[in-house]
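Next up: some structures, all given as structure tokens.
Consider the two complexes below, in which chain A is the common component and chain B and chain C are the respective partners.
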Partner chain A sequence: MRTLTLGPVGITTHRRTFAVGLIMSAALAALLVFALMQGQSNITVLDSLRAAVGIPVGAPADFIVGQVRAPRALTAVLVGAMLGLSGAILQSLTRNPLASPDFIGISAGAGAGAVLTLWLVGATSLWVTAAGAAVGALTVAALIFALSFKRGIVPLRLILAGIGMGFVAQAATQYFLTRMDVHEASNALGWLVGSVTGRTWTHVTVAAAVLAILLPPVLWHARALRTMEMGDDAARALGIRVAAARGMLAVCSVLLAAGAVAITGPIGFIALVAPAIALRLTRNAGVTLIPSALMGALLLLAADQVAQMMPTTVQLPVGVFTAAVGAPYLLWLVWRASRGGPA
Partner chain B sequence: MTRLQARNAVIGYGGDPIVRGVDVEVPDGRITAIVGPNGCGKSTLLRALVRLLHPTEGTILLDGEDIHRMHTRDVARRVGLLPQSPIAPAGITVKELVARGRTPHQKVLRPWSAEDETAVLSALHSTALTDIQDAVVDELSGGQRQRAWIAMTLAQDTPVMILDEPTTYLDIAHQYDVMDLLHRLNTRQERTIVMVVHDLHQAARYAHHVIAMRDGVVAAAGAPADVFTEDLIREVFALEARVLADPVTGTPLVVPAHGPGGAR
Partner chain C sequence: MRKRAVIAVLCLVALGVAIALSLAVGSRSIDLGTVWQALTDLDPQDPEQLIVSELRVSRTVIGVLAGAALGVAGALMQSLTRNPFADPGLLGINAGAALAVVIGLATGLATSYATQVPVAFVGAGLAAVLVYAIGARGAAAGAPVRLALAGVALTALISSVTYAILLLNDETIEQYRLWVAGSLTGRQNYDVTALAWIVVVAILAGLVASRQLQAIALGEDAARALGVSIGTTRTAIILIVTLLAGAATAAAGPIVFVGLAVPHLARALVGASLPWLLVISALGGAALVLVCDVIGRVIAPPGEIGVGITTAFIGGAIFALMARRMKVVEL
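Right, the complex of A and B next:
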């Protein structure tokens, strides 16, 4: 155990979790510098860092680093963290490693909500799109909950209802696209691929704001989340207000996924894989929120760097590369479940 | 007046109530066993006593207060529960599991205190788990695992402990291990213990107070010698039985009055 204290407040964590968190933070910082440096045009490390935080250093760096690479890399970091966090909460609440927002239709619901907003009010502001995504995601989440509820949530029903709702949401998205103006539909389609290309400081601001709003309530309920993994009865007997904590955490998880979708479009597999890797690295018993967020950030930023290095004329969207990591993991989960392990 | 009691409690899961109006007083500082046939409502009553279920009528009183008007955390500081099938998070160690018992005493952003550490070490000591505190719970034997869960409830440091079938799935030696542990906790630490048990012999040997339930009502309550009579066993369990004196302790020993295949 290790206790971090600051005056009267403090958090207790395992030494290993703390060490792994430090290493992940360092790796993330290094990867971030690499992301600012990567690509053509010779800009020094120092100039890159200055340009990234808005200190003018001269013609190419101010634009290439300050307006292109920095917002793109930071968007990847923040959205990756949102996805990692969202997946970690959902998987813990349902005690099921398959329950990630992209897998059970919540991201698809966010996508449908965002496209509907684009159709009805146009691409006015990112906040409006994000609100549309949030409404779509919450609607799908409520429907999944209603469909899988039978004296408590039945895990398999939840997964099946989620996959089904995902298809319904995708069909709705397709329908909205056919009704839209061709130009707008083409923009929306580009967004639906899921990418951090061309993201601006506005995207960074919205991502940071969403995270800043949702992170405190999530961390506040971290202990409740861990305790609920022992079963509802045990958690209640230990003084956790189970229904309230679960509702709060579920809404936060859904909103984190919706925010991520609004900013980058749906990017698959990060929310599925990041919490699982974080759990194996920290060897924690039960959910680890901060390491999951850090791992999500690392994965998405790394996947985007790989995407940029591909020798193709058109840049490949980052979702292609997250799928390359995520799909084998998913197959492994299914394989293990088919051999009678925990689903 | 005792700390924990049910007054005219009607309890169910919606639909027909399972417990149909019971008055129960849990004697302070004693071991109480709730017995009865399957489906008699004993587990339902237990769940209501620790506030997992709301009675539809009547009240559960804890220290004279309606338990449903109390804050969840206040209840958790006074009554601890060992549920029937708790889930140990994968890979958790014995000490980590026991430490979770401190949850109701902790606050967000308040670090692990010396008091928490003392309670956990003392719970590990009382359950003889100190030597294996770093073992992973999944890899323990059934008896050790049950002791770890009891230790978690102990670390919660509540004057009242409630256990739902604490000996189910254990072999006979481990069953008595758990019972002896509960007896020690009761005599040395004066904890009030309430448990649902199936084995009447264990109830008679270890409990000071027995509540026999049938069809959602209390059929009898009192000292084991007063409750375990041939008439009552017939009435509650629909079983013809002989009640002998336990050759070791002298407490009632209930044996069926028929041999194998119904021969008398």
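Right, the complex of A and C next:
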């Protein structure tokens, strides 16, 4: 065990968790450099790094790295971290490895909001779409909380209410899609799979701000979250205010997912898979928040590199590739469940 | 027994009213006398009678088939998994059929209706087996939340593959987005006789198997003691559900929640007796789909809203309210 203290906040970690976290951070840094380098034009490592942090180095690098690759890669890192964190909280609260914010209506609500804006206003800018998505996600989130609130938030009820609302939102999305013309519909479908192309420094700033606001309350309740996994009674006996902590964590998880989906569109399966991988790497008994966030960032950044390297005529959105990571994991859950294991 | 028979008759009357509405109501309202004339003694010169015989009859037949199939499929799945949230749409079976059709459209293998139907069955069958394996087996089997999550996860996975194929094929999008909204229109040229036979035979098979299924619901040991072969019954039920869900999806596009809401309401009316539940679910499902279709025709003039969208709106709300009413221990 090892305790890191920073003012009043102390994070206790196992030695292995700490080491795994360091290795993941190093891998993330390496992948980030690769993301800045990868592509058509030849720019040296040093120039890439300089251009990424805003030091002018010359014509192609300033634009390609400084304005295209760097914001795209950082958006992927931040949104991946948000999704990983959101999934880890939700899976821990519900004690269910299949729970993920993708499946409880948040993404569907964002999709309905975004497609509605695309239909009414057209594809004027990414920001209008993002605003529509944020409004949609938050509306559905409010409805889910209202429907599942009954003397505190019951996580399982939250999931079921979310699934129901998700179908309502999807129906709305499909209605809007049938009303658009083909090009708009194709555009909207692209947004619905989730993508990090064309993201700018403003997107990075917004993602960083959302993460900076929501991370402190999450870490503050990390111990409560881990204790609640032992059962509500045990947590109460250990002095945790269960209802308050659970409400706060559920709200943070939903807001993280809503923020992520507004910035990139609904990228699936990161929130499902990242916490599971983090849990196995750290071999922790309970939830591991920071490794889950790091794993989410790693997965999304890696999936985006694969998406860029694919030799297809149209560049496929990154959401298609994160689904390709999610598929084997789901099948593995099937295999394990069919052998009588927990799932 | 008498109470159940009365309820069945009432459902039959409700279905009759729904059929009459479906034939008469639309962007052009036609009075019932003209409808009757169109059905019994068609005058090909009268445009109103032609609307009924050319458009609304086929639309109504497809609605009845899809609704009855989904109602029975839902009731069978809920009994098989002992799970109130089982629904072919919710569990991704319709999405599997949709993916198979999209693959067929994109590869050019299934551009005609005659080839789309078997392709939809294959997709539905694969998804049914997969979701049953994820959600209904293993240590925590039977927890409603688990099955619902497994279905939604599978649906999300299938949908993203579907989107990827669509993004690479612009022409497929045009055909797909109309099909996926679960519309009963634009299908008047299709010959639904084969589908009708499949649905009727599958519903009858479900009725025959319902005694065995009910024995399994008592517990596996009790079922064995009663001489029921558990493996055979389960396989048969999954096959029947696949046929019903595949037929409904091929006929009307993916429709969710009919298979969830209808058996639920039927159970409140006739109790747990499975044969009665299947009969009431078939009648109620057909009536619900027709009523939803009629609502979709009149709610947003001059356009129409596909029946899949109306049912998802109504069914999604029912689902969320069901979740609210359940006790935490049941989840």
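One rule holds in what follows: the second predicted complex is superposed on the first by the 264 of 343 C-alpha atoms of A that agree within 3 Å, B and C clash if a C-alpha of one lies under 4 Å from a C-alpha of the other, contacts with A are read in each partner's own complex, and residues count from 1 in each chain.
We adopt the following convention: a contact is a pair of C-beta atoms (placed from the backbone, for glycine too) under 8 Å apart; a residue touches a chain by one contact, two chains touch by 3 or more.
As the structure is a prediction and not an experimental result, all values here were calculated from the model.
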TODO: Have a look at where A:W220 lands relative to chain B and chain C in the superposition and call it first, second, both or neither.
DONE: first
- [ ] Considering only the touch criterion stated at the top, classify A:G231 as touching first (chain B), second (chain C), both, or neither.
- [x] first
- [ ] Applying the touch criterion given at the start, work out whether A:N42 contacts chain B, chain C, both or neither, answering first, second, both or neither.
- [x] neither
Task: Touch count on chain A, higher of chain B and chain C - done: C
Open item on the list: Going by the contact rule set out at the top, does A:I240 touch chain B (first), chain C (second), both, or neither?
Closed with: first
TODO: Have a look at where A:S100 lands relative to chain B and chain C in the superposition and call it first, second, both or neither.
DONE: second
Open item on the list: Just checking: does A:A285 make contact with chain B only, chain C only, both, or neither of them? Give me first, second, both or neither.
Closed with: first
- [ ] Could you list which residues of chain A make contact with chain B in one structure and with chain C in the other?
- [x] 342
- [ ] Quick one: which bits of chain A touch chain C in the complex? Just the residue numbers, please.
- [x] 94, 96, 98-100, 102-103, 147-148, 150, 154, 156-157, 159-161, 163-168, 170-172, 174-175, 177-179, 182, 185-186, 189-190, 192-193, 268-269, 272, 312-314, 316-317, 319-320, 323, 326-327, 330, 333-334, 336-343
Open item on the list: Can you tell me which positions in chain A touch chain B when the two form their complex?
Closed with: 1, 3-5, 8-12, 95, 219-220, 223, 226-227, 229-231, 233-234, 236-241, 283-286, 342
TODO: Flag every residue of chain C that touches chain A in the complex, lowest number first.
DONE: 85, 90, 130, 133-134, 137-140, 144-146, 148-150, 152-154, 156-157, 160-161, 163-164, 166-168, 170, 173-174, 177-178, 180-181, 256-257, 303, 305-306, 308-310, 312-313, 315-324, 326, 328, 331
- [ ] Over in the complex, which chain B residues touch chain A? Could you list them?
- [x] 47, 50-52, 72-73, 75-77, 79-81, 83-93, 96, 100-101, 103-104, 106, 108-112, 156
